[in-house]
Amino acid sequence: MGFLILAPPIKCTLVTVRTARQGEALEMGKLTQEYRDECSTVLMDEDDMNRLRVKEDAIVKVTTKVGSVELRVRPTMNSPGVIAVPLGPWANALIPTDTSHTGMPSYKGIPAEVSTSMGQGITSLDKLLGDLYGGA
Amino acid sequence: MKILLRSKNNVDDINVEADGVNHQLFGMTLAEIKKVAVHEGNQERTLSDFFDVTIEDEKGKGRLIVLEGDDLSKFKRIGEALAEGEVQVNGDGGMYCGYRMSGGRIVVEGNCDAFCGMDMSGGELVIKGNASDYLGAAYRGESAGMKGGRITVHGNAGVEVGSRLAGGTIVIKGDTDLFTGIHMKKGLIVIEGTAGPRVGAQMTGGTIVVSKGELMLGFKEGGSIKDPKIEGEGFSGDFKTFTGDLVENGKGTILLMD
Amino acid sequence: MAEEEKLTNIKPDLTDVTDVTCPFCGNLCDDIHIKRTGDDEAEIYHACGVGYFKFKKSITKGATRKNLLRKKSGDKKAPDDAFNEAKLDACIDKAADLLLAAKKPVLFGWASTSVEATREGIALAEEIGGVIDQTSSVCHGPSTLAVQDVGISSCTLGTVLNHADLIIYWGCNPSEAHMRHMSRYTVYPRGAFREKGRQDREVVVVDVRETASTSVATQFIKVDPNADYELIHALRLAMKGEELPDEIPGTGVIKKKVMKLAQRLKRSKFCAFFFGLGLTMTRGRHRNIDAILSLGAELNKDTKVVIRPMRGHYNVTGAAEVFTWQTGYPFAVDLTRGYARYNPGETSLVDLLMRDDADCLFIVASDPVAHLPKEAARRFSNMPVIVIDPHETITSKFADVYLPCAVTGVEAEGTAYRMDGVPIRLKKVINSDVPSDTDIVAKILERVKEKRGGK
Amino acid sequence: MGLILKNGIVFDPKNGIRGEKMDLFIKDGKMVAEKDLGKKAETIDLAGKVVFPGGVDIHAHIAGSKVNSGRLFRPEDSRMRTVPRTNVTRAGSGFSVPTTFLTGYTYSEMGYTTVIEPAVPPLKARHTHEEFHDIPMLDKTGLLLLGNNHQVIEYLKAGDIDRCKEWVAWMLLATKCYGIKCVNPGGTASWAWGKNVDGLDDPCTHFEVTPREIIRGLVDINESLGLPHAVHLHCNNLGTPGNYTTALETIDSVKGLTNKERSVLHITHLQFNGYGGDSWRTFESRGVELAEKIDKTPNITVDTGNVCFEPTTTMTADGPFEFHLHQLGKQKWINFDVELEAGTGVVPYEYRKDVSVNAIQWAVGLEMVLALKDLAKIHLSTDHPNGGPFTCYAEMIAWLMSKKARAETIATLHDAVKSKAAISDMDRELDLFDICLITRGTAQTLGLANKGHLGIGADADVAVYDIGVEEKDGATIERAFRHCAYTIKGGQLAVKDGKVVNAVTGRTLWIDTKPRTDVIEKDLRKRFEGYYSVSLDNYPVQMDYLGESEMVMERCKK
């Protein structure tokens, strides 16, 4: 193995999505491994992955103005500049709460940045939930 | 007569609906004013639960209500349905300030929350700070929004300023967010700063005067005009005229400063 | 038995039930066949993957479901070991106390249970003076706002099946979110006036990325995120014969593609648009829907065009219906002053949470902590929370009272409304060891009334 | 416990009682003879007050998917009228499309006790019943939209009346509805392709069957099934200038078809088909001609569909009409096509005094009543909420009873009403007996034997109004009919002094049509397996949905 060469972060637009696997896992239970695995994934355009110099299953860090999480990356085709994260606690950590007084936060179309991870591993559900305790 | 409402700064988190704070107070005694109902969620309270109420200059001709305190933004519906007199908010205004007002004047020294001046039909609302979303807008589903009066914002405003505007004037000295004047039919909106994206979208009539900003497709460029006068207001400078929004076969006008 | 029911297959014994309605998504497929092969085993036919797991999990009984009370009410610093098992009655009592103590309780959820449960929920909200909201406010709420502004030309899904020659999916991915939508209602089935099924129809997909659904499309238009409004606006202009620039500004879509779609629309005899959260959750929100609904309405001058939001939770439509016939408004209804008021942005869950304008949360058939933005979810630690759900959820970890209930549509009967407003009976296919949420909410309402002594 | 209503001035057209002072006795929800009252009875003294049977509204859109669409897309209408909860009543909102609870309370406050929802799309009948469940104070039932049902049209095209009859019977029982409704026959079916029909002999799209054939066929079937009510028809060309000729032709279209008990064809909201002229500019009233035609024709009944000057919500199963209205006024529009069966539209509308067409429409509806000799043939309606909300009935009654009230209104209207309508010169003033007849005689037309009268055995549904027998002051009449002194529903005191004091439950009325399913089984299976989006098993509305119910009629098989 050579030195780890870090590519510069990639600016992109985040959309949260429903996936079939997430739907199935949701019905199996949100505390199951299937749910955790599916929801801690980011779908990224193959070319963008190449630019970031990451391969399938690598851990990447996704950051928006409200927070950042580390997710496993999976390739998609022909979606340059758009990343997709299944709806769930990981996505929630990236979503701003502003609704423009409609009731609806922006779950899609959020400016984001993807960078290579320094190897802390996928953000755990416990950590995400832990952040919610104690209130705001 | 001047009615001074000094907040006891005791609103915990639940917002208080103070829709009784309008011209009707002028006809009341101090004791009656203190007993005016306000609502904290499902609890009915009185004005004096949240404010120290005093009356000054009882015999004077002026008709003024002054609100003071640090948490005024937690009071919704101040000046609702105001028909005469003046309300002065020495701080930030809560939601629906000036909702359905038909006359008189409201001055908010600070910023204002959403839905202020909604469905207004007359009078004047002045916001010295920033306004939030749906300023002077139409209520959900209503085919006509603000029908008269004047709103002036010294700062910026949020989304949907003057939606379905059917009369009156809104002046924003700063910038606006998305959809200023969407579906507007009549009246005038002036944006002295930068108009947010999709300004004038789906408008069918009325005029929007814009200093800076980009127009959508759907507006046909007409001639230029110098120092135009619209609805009795004069503007200095050279403006390009646009007509739209063509998607609605609209006959609205946007004047964009050259 | 009434004569018309002789044709149907209602069997009182639950070993072999046909025409079961699937309580997962807004498709509300009602052709599921469940054949019991053992105490907690069954063969499940016709369901999609998600439906299959939903039935399977419910039939395969796990550990006994327990009523839980938080040991130290108000102490939500840590997730673990915080609960005691409790009797149903004690939980109902505690729930009633918490609701009665609140100045502005918010009753949220309702989209994944029956109309019957929601009916009780609205009565409870009215009784205690609370706000009642449903998941629509963070789903297709913007679609409703747009319908309130400009109306909608729509139809039942069977009309699409029988008539449509052009299907347009905009900002949605039915292959993954409404898995049998294309096969049951739109693209593939043969219809009364579309005898060749798929061959008689064209499909257009508009989205910000390629998905499993885009492969079905005759035409795929990839639009830049947050630019749907501009694209629909340009399409409306094209339909009116206005000249467009070579590229539609800000959308990443060239004129040629827009003109091609406009031509298709003109050629179509019956066009059905379906749109999803790709329009409601992005910049512009309800105005994206306003634009597409306005397009649909005006196209009816020349051809027949219908539009449907792809509603997600199986009974989100039913919740809106019962909210509306009882209060006049479909979601985000504030009953604190004894009558209904409505203004999403003020009376909707996320806004109430972010303004700290709520002091108790009553959650039925929903898991908001798993789906709300983090900052909104954190508010669940600030106030009492009551959760009624068939299973423990992420939200129930933040509960002060947790009451398990039967899975509606599997363990309990009820009514649900399909995404097109067609009401369908939910069947019971197995017995439950816990009461339905309808019963639990009704009991809490009764307890609240008792405690108030008819005040 | 029994109830004695003492000293009231009673009107009961069916039993020939014209304002006689008499006592009435109630026990177990029924009108009884004094001797059957039992020992315990409460007495209410009604001296000086007028007693009517409970009102029966033959045509008001109060429940179901179309009504709820109106509520859903009009939050601004809900905001216009809000009523807080009380210890006995639930909260309510809505001016022209009130919520279910408020609908029940308001009707009851006006002395109405039975209301017919006139447009149930079969596939969504379950929805209608769910709303019925939440409408207190009233007995109610629905009329089923069948005039554009694909299977019905195909049977009629093939001349297969026998199967069509069983199909209709099956549909009525599956949906737990009460009778046949036919809206713009052929027109709504064509609307599935964005088209319409333009008269009785214009064949509809695809099926090539004419409206005349559909009407005739359904009346045949209605008679052969022996259903309690006539075919309830919303005419073609509704709401267009010159359409009174369509109404006249429609009345003639059922010549020769008879029934001893009731009409064979009920034309609803006839006002909307009472227009002369050939454009909006030449628009004029033909109310008087229509009244003359009705007087001449046996076995026809109508309801008026009056308009009043209020902001309201139009809603009909006449899809193309609503699109037309949306195009005219650019108001928001809901359209909803129901597979293989029906289509509906909803558009907000405000009738304005200064608009010539609206002023003339107002006149048409009143002229039809004032010019009619046999008032048993006409029933009061606003086609709620199409011509205005049902709360306007009180105002309508004032206009019908008082020439002065009419004159006062005419003075505020567009001048066209004077030249393009006859109303200004009409002197007739209805009396209380007439009013009772046009608002309670509906029961006869509907075949509701226990409703609309106060004879022994009738349902104890009673309305008491605080009004003098000779009252002619418009405002006083309006006030009296808007807020009852008392309403008794099913023998229980429900309203006192214009306010609900007891939120009683109403019943859902239904009929057992005993369909011969074997005759149509093949067609049922073909429709459901091929073209419906729900399974046959899930289509019928279970009895559970009816709550408290009453079977009004059982089909006799010959």
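Labels for the chains are A, B, C and D, by order of writing; each one numbers its residues from 1.
Following the convention adopted for this analysis, contacts are C-beta pairs under 8 Å (C-beta built on N, C-alpha and C of every residue); 3 or more make two chains touch, one makes a residue touch a chain.
These numbers were taken from a predicted model, which means no experiment stands behind them.
Peer 1: When you check each chain against subunit A and subunit D, which touch both of them?
Peer 2: Correct list: B, C.
Peer 1: Could you see whether B-D or C-D has the larger number of C-beta contact pairs?
Peer 2: Of B-D and C-D, more C-beta pairs in contact link C-D.
Peer 1: Indicate, using Cα centroids, the chain positioned nearest the centre of all protein chains shown.
Peer 2: It is chain C that sits nearest the middle.
Peer 1: Which chain has its C-alpha centroid at the greatest distance from the C-alpha centroid of subunit A?
Peer 2: D
Peer 1: Using mean C-alpha positions as chain centres, tell me how far subunit B is from subunit D in Å, no decimals.
Peer 2: Each chain reduced to its C-alpha mean, subunit B and subunit D end up 45 Å apart.
Peer 1: Using mean CA coordinates as chain centres, what's the subunit C-subunit D distance in Å?
Peer 2: Inter-chain centre distance comes to 34 Å.
Peer 1: Could you grab the centroid distance between subunit A and subunit C? Build each centroid from C-alpha atoms only and quote it in angstrom.
Peer 2: Averaging C-alpha atoms per chain gives centres 24 Å apart.
Peer 1: Could you put a whole-Å number on the gap between the CA centroids of subunit A and subunit B?
Peer 2: Computed from C-alpha means, the inter-chain centre distance equals 40 Å.
Peer 1: Counting only residues that touch at least 2 other chains, which ones in subunit D make the list?
Peer 2: Touching at least two other chains: 73-75, 77, 79, 332.
Peer 1: Which residues does subunit C have that touch at least 2 chains other than itself?
Peer 2: 145, 148-149, 283, 337, 342, 344-346
Peer 1: Residues of subunit B that touch two or more other chains: which are they?
Peer 2: Within subunit B, residues 114-115, 133-134, 139-141, 178 contact more than one other chain.
Peer 1: Which category does the touching pattern between chains fall into here: line, ring, star, complete, or other?
Peer 2: Shape = other; not a path, cycle, star or full graph.
Peer 1: Who touches whom among the chains?
Peer 2: Result for touching pairs of chains: A-B, A-C, B-C, B-D, C-D.
Peer 1: Any idea which subunit A residues touch subunit C in the complex?
Peer 2: 13, 15-20, 23-24, 26-31, 66-67, 76-79, 82, 84, 87-89, 92-93, 95-97, 99-109, 128-136
Peer 1: Hey, which residues of subunit B end up touching subunit D in the complex?
Peer 2: Residues 139-143.
Peer 1: Help me check something: in the complex, which residues belonging to subunit C touch subunit D?
Peer 2: 2-10, 18-19, 21, 30-31, 115, 119, 123, 126, 144, 147-159, 161-163, 184-185, 190-193, 269-270, 297, 300-304, 306, 320-322, 324-330, 335, 337-342, 415, 417, 421-425, 454
Peer 1: Over in the complex, which subunit C residues touch subunit A? Could you list them?
Peer 2: Residues in contact with subunit A: 24-25, 49-50, 53-54, 57, 76-79, 137-138, 141-142, 145, 173, 175-177, 179, 208-210, 212, 222, 225-226, 277-278, 280-283, 285-286, 312, 331-332, 344-346, 348-351, 354, 367, 369-382, 391-394, 397-398.
Peer 1: For subunit D, which residues count as touching subunit C in their complex?
Peer 2: Going through subunit D, the ones touching subunit C are 63, 65, 67-68, 71-75, 77-79, 82-85, 87, 90-94, 98-101, 123-124, 126-127, 130-131, 134, 150, 170, 173-174, 192-194, 206, 323, 326-327, 332-340, 343, 346-347, 512, 514-515, 517, 521, 524, 530-538, 540, 542-543.
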